[in-house]
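These notes are about the structure you will find just below.
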Amino acid sequence: MPNTFGHLFTVTTWGESHGPAIGAVVDGCPPRLPLTEADIQAELDRRRPGQSDIVTPRKEEDRVEILSGVFEGRTTGTPISLLVRNADQRPGAYDEMRDKFRPSHADFTYQAKYGIRAHRGGGRRSARETIGRVAGGAIARKALSLGGGVEIRAFLTQVHDIAVPSGALADFPTLAAVEATAVRCPHLPTAERMIERIKAVRSEGDSVGGVIECRVRGVPPGLGEPVFDRLEADLAKAMLSLPATKGFEIGSGFAGAGQRGSEHNDLFESRDGSIRTRTNRSGGTQGGISNGEEIVFRVAFKPTATILQPQATVDRQGAATELIGRGRHDPCVVPRAVPIVEAMTALVLLDHWLRHAAQCGSLRF
Amino acid sequence: MPNTFGHLFTVTTWGESHGPAIGAVVDGCPPRLPLTEADIQAELDRRRPGQSDIVTPRKEEDRVEILSGVFEGRTTGTPISLLVRNADQRPGAYDEMRDKFRPSHADFTYQAKYGIRAHRGGGRRSARETIGRVAGGAIARKALSLGGGVEIRAFLTQVHDIAVPSGALADFPTLAAVEATAVRCPHLPTAERMIERIKAVRSEGDSVGGVIECRVRGVPPGLGEPVFDRLEADLAKAMLSLPATKGFEIGSGFAGAGQRGSEHNDLFESRDGSIRTRTNRSGGTQGGISNGEEIVFRVAFKPTATILQPQATVDRQGAATELIGRGRHDPCVVPRAVPIVEAMTALVLLDHWLRHAAQCGSLRF
Amino acid sequence: MPNTFGHLFTVTTWGESHGPAIGAVVDGCPPRLPLTEADIQAELDRRRPGQSDIVTPRKEEDRVEILSGVFEGRTTGTPISLLVRNADQRPGAYDEMRDKFRPSHADFTYQAKYGIRAHRGGGRRSARETIGRVAGGAIARKALSLGGGVEIRAFLTQVHDIAVPSGALADFPTLAAVEATAVRCPHLPTAERMIERIKAVRSEGDSVGGVIECRVRGVPPGLGEPVFDRLEADLAKAMLSLPATKGFEIGSGFAGAGQRGSEHNDLFESRDGSIRTRTNRSGGTQGGISNGEEIVFRVAFKPTATILQPQATVDRQGAATELIGRGRHDPCVVPRAVPIVEAMTALVLLDHWLRHAAQCGSLRF
Amino acid sequence: MPNTFGHLFTVTTWGESHGPAIGAVVDGCPPRLPLTEADIQAELDRRRPGQSDIVTPRKEEDRVEILSGVFEGRTTGTPISLLVRNADQRPGAYDEMRDKFRPSHADFTYQAKYGIRAHRGGGRRSARETIGRVAGGAIARKALSLGGGVEIRAFLTQVHDIAVPSGALADFPTLAAVEATAVRCPHLPTAERMIERIKAVRSEGDSVGGVIECRVRGVPPGLGEPVFDRLEADLAKAMLSLPATKGFEIGSGFAGAGQRGSEHNDLFESRDGSIRTRTNRSGGTQGGISNGEEIVFRVAFKPTATILQPQATVDRQGAATELIGRGRHDPCVVPRAVPIVEAMTALVLLDHWLRHAAQCGSLRF
């Protein structure tokens, strides 16, 4: 089921960039969760194009409709079908893509795999696919928050070579701080420099990548599975399943590879009546299971593949040709990826919450 | 199924460090693959303790028995049960661990999750669990190699702060070059420095981390799934499911986040009658699907958590105490992780090979 | 994933009887299959209410929209989203059902399970859920037919105590013969008696059950899995997942339990260059795997639970009360279940076709 | 994963009749369940050959070893590996089966599917595969009994044409009554006739089929999933996955198809402070979800395919030949199938128990 994520709480996404609609089906949702379209719309609005002057000007309302699974304002435990109509389509703008493969896009690999592809606007390869993830994630997030007190916060720590200074974000950032700027970096001086860089790069018809950090607090010890479905493994999969991602690290990450055990180990202590670690180089999990500390991970995004400069490529017959980016694109996708990273995090955590409850919480001996 | 990996070609591992045995069940294997215990033993011998003077001296033969699924030297398509008896057990050496939580190990999280744990030698948390992965991976590897011409090679590029110089490993390393030193780094000058560092650190009762790079050639375009089960997502999950891993990156990875689109994009060209990319910053996949180029990724490992120095910790009641590492441990687990990384890679690739064949190769219209 | 069927070719259904719409998402479809809404509509029209004077008069057009996964008339290998708007809703007609549990319906069990239920028209418990199955099954059926030459035919063999005489349907019935009467029994004298009985029972405000037989020809030897996912096991699950079903039998079925081995065994012979069985008491599978003979099974349906007579029941507080059936219902659901049985059969067979191709057809040694 | 059953509590079986061993891996078991080998052995002894003079004389101790997942007498939540060595092998007895296909066995279909098969004693097709099911089921049964108060009882109601008189087994039979005779029919007069019939048939070198009924009490309302994974659908799949089964029916079953709604419906009433049904034609579920009544279903078994009479068949080249049953076989497999039916029932129920707890019991709003 390549278009479904999760084991117990699942999201199945469907839809192409230039088809009539995009959507998702959420299955396994706990019953009686208060839920309205507004809960979901709030998150969709955060990923929507056209929010600021540093993102794509594509005009999409991205209004979500709940078609099933909610009755008198509460979930019923049956599948929740979510629908978003596509609006601002310019199919003619994409004729060239029928035959030419855009560099570092998935046109060639789709053609190689399926022998057919919907070429307009990237079809299924469009980042519009993530609408379904954000919609499903909004439900997971609400369940985790209301039922479990879990709080998820993602934000930018790097755009191109501009990074938040080390140690500058020690506290769990507030949502207001993240949303204060279009670039979603809660460190304001850095945010301003990031925005400038994005504008400069855009004016050159170019693009840049960046890094998102995500922190989660309120996760109790015990979530995760020790072998293949480690919490960090499922988070890594969730993040690398996002368009344009190139890397994932948790806790100390790649830097940890350069350390000694004596400096890297997180020593245990008793604090406020709980067993806690003094440091958090583990990033909130040990052996694949949450330890009650903040979950902290980072995701690397490559620069947007579409650039407004001519690039050499080939057509379907392999003949050399040239392609120049058209359509409407983000010079840097990373700010709009923040709610998507949060959505995927919520999906992983709620799924593991339910799995843990099933195995360890339902029968007592 | 937290102890099963894969969708069509699956490996289920079982066993604890100090139980009677460790093993795996492989299901979904294509029939008629020539297979003997020697095929599997060769890979187990590469991960086995006691291979060199820089790894743990635990004495384990790790002899594999095939209990089912092979008939007259060929797989039958039914489950292959693999068994390895545990031999060198010193249960008494672990009495202290019954009550005290080892820092940066999973003792605490297992206790929190299950309310019970086999404490000797880490029980299920021991890296001996990876025996089943290597055994299953050896079968996947043989199927990919014989049936598909796929070649997988992992090796160390970093130990502590000693790294292979950039560009020094342009060619696909040979197995002989990797196996030439105990540290499994095919760049000999670097390998020598790595070995010295590991010895130095061990003499201080300390440990270090490192980085493994894995390359795969011979994968045809088309493997992978575009949305959640992207090839890179499944590789990321596979790697982060390994003990002691903290990060994963594919192609340009975290460095790619610091680049511009105009320098990062892989331009297409025709080469030798195929559509190829001039560069390989994508790392062999685009949009989650293999593009026929080399698959290249890196995995970060933290320093071994067990060190032979006293460390502060708490016991199960939360009372402060101290623990000093005993038992037999690797000062750097990374060299022995090389065959494990290769095994997990083989599992991911064979599973996607079968999935792709099912959807795109079995019915023609 | 309680609302998803299948492993490789999957259908996820969603929707309630009195919500805005009903639908399904089909994933894993082989690419390049020619597909239009008309292909699906033809099957939906067969299950639609209001087709004849022996079924419910609920007026539903049940027009299907394909929202994704098809491009220029062919499937793309990405998820196919199918939507059917609900039209003829009379929510007021169901107020009584908010508090009272209908006998032999699932009102009570939904309330017990979820603590909430959409009570109008049975909500998710309505047989309108099967629209998604029929829509998904239509795609599977076309793929099997075009790509594999498989033909599926279901029909009634019993209504109440009126049954087709033994041996009267030796030949594979034509679609025309099945569709010739509203009751979908290809044995015309029996069909006429069935229709009379249904009318008589309806005039008394009562209902009756019946039996469907399904035959499949063109399935090659080799489909199915030998242990848990036997072809007959997956068919049994598929059929018992349908509303109102009480039994499943394949080949000789329950009658076979009363036979001796010497009379029951299917002897092998060579016929037309193939290995065939002389008789087909096995019903087309041996050991869970198709043997190339006709697959033959039967499904028992109970009488419709809704009857237009007063029945004793309780309300949510457990107080004794009475309920009289309202709304629009079929006095016998079995004729409309014929396309649903065929749809589920197609889903099982295509899924196993792809599974078999993956394991046994993609790598050769 | 064709050799794995279940979603959360899973059993993976492996092994061939004449390989070195047979076994199973149980994953997802709730932690802290008291468990010893004796718990499992008790159930294995019930299915073991050689228990009485009406079953196969094959001599197998079928001693189970627990290799993992249990620590100091309690389950740890990690996989439980179970091993049973094969003992009484007579490989030479099966040479003829290398080339000839036994009628109504799976020799031909395995050969067609895999192109290879372990021919001795039926290899993977042997009913010895069910050892793993019974072992895994014993664990599920203990968890359900200790943690949930669920009681499962299967027994024979028919052998050949000898059946328990209607209504003769109104009460839930005791285990002692079932085990009182070798034929496991708690109605003694019928049991005696069944035993005679089996002996008579055996003396003619022939075999007979039969029917098992299974009843479960103590299941609370709410287990099961409403659409594809209905409780009765998963029970049907579980039963049809057993060797030699030809049919499944729940509650009224096929007889229900011949009834009217007014006589078939189960009216609700309040009894002992609970909402109960007056009758139980539904068989314990409505809409796929348990309703708190006894779960009652029946399974049809065909006569043993191996008979000690010459039968016409073909060899692998399709040439006509003859085969006479050798080896050691049961003239009626049904008595030994009783613990297997109970085991599969326990697997289905525990899996649904955990699924229900996950979705409906873990987060409250």
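The letters A, B, C and D name the chains in turn, as written, and every chain counts its residues from 1.
Please note the rule applied: contacts are C-beta pairs under 8 Å (C-beta built on N, C-alpha and C of every residue); 3 or more make two chains touch, one makes a residue touch a chain.
The structure presented is a predicted model; accordingly, all values stated were derived computationally and were not measured.
Seen from the Cα centre of chain C, the chain whose own Cα centre is farthest off is B. Interface comparison, A-B versus B-C: the higher number of contacting C-beta pairs is recorded for A-B. Separating the CA-averaged centres of chain A and chain C is a span of 39 Å. Note on chain placement: the centre of chain B and the centre of chain C lie 45 Å apart, centres being C-alpha means.
If each chain is reduced to the centroid of its CA atoms, chain A and chain B end up 26 Å from each other.
Looking at chain B, residues 2-4, 7, 13, 28, 31-32, 74, 77-78, 113-115, 124, 226, 355, 360 sit in touch with two or more other chains.
Taken as a graph of touching chains, this assembly is complete, with every chain in contact with every other. By the touch criterion given at the top, residues 7-8, 28-34, 74, 77-78, 143, 146-148, 226, 353-355, 357-365 of chain D touch chain A in their complex.
Residue ranges on chain C touching chain D, taken from their complex, read 2-5, 13, 101, 103-106, 108-110, 112-115, 124-125, 129, 158, 160-161, 201, 206-211, 221-230, 232-241, 243, 245-254, 256-262, 264-270, 273-275, 277, 281-283, 285-292, 300-307, 309, 311-314, 318-320, 355-356, 360. Per the touch definition, chain A reaches chain C in the complex via residues 1-4, 7, 10, 12-16, 19-23, 25, 27-28, 31-32, 65, 67-69, 71, 74-81, 83, 113-118, 123-124.
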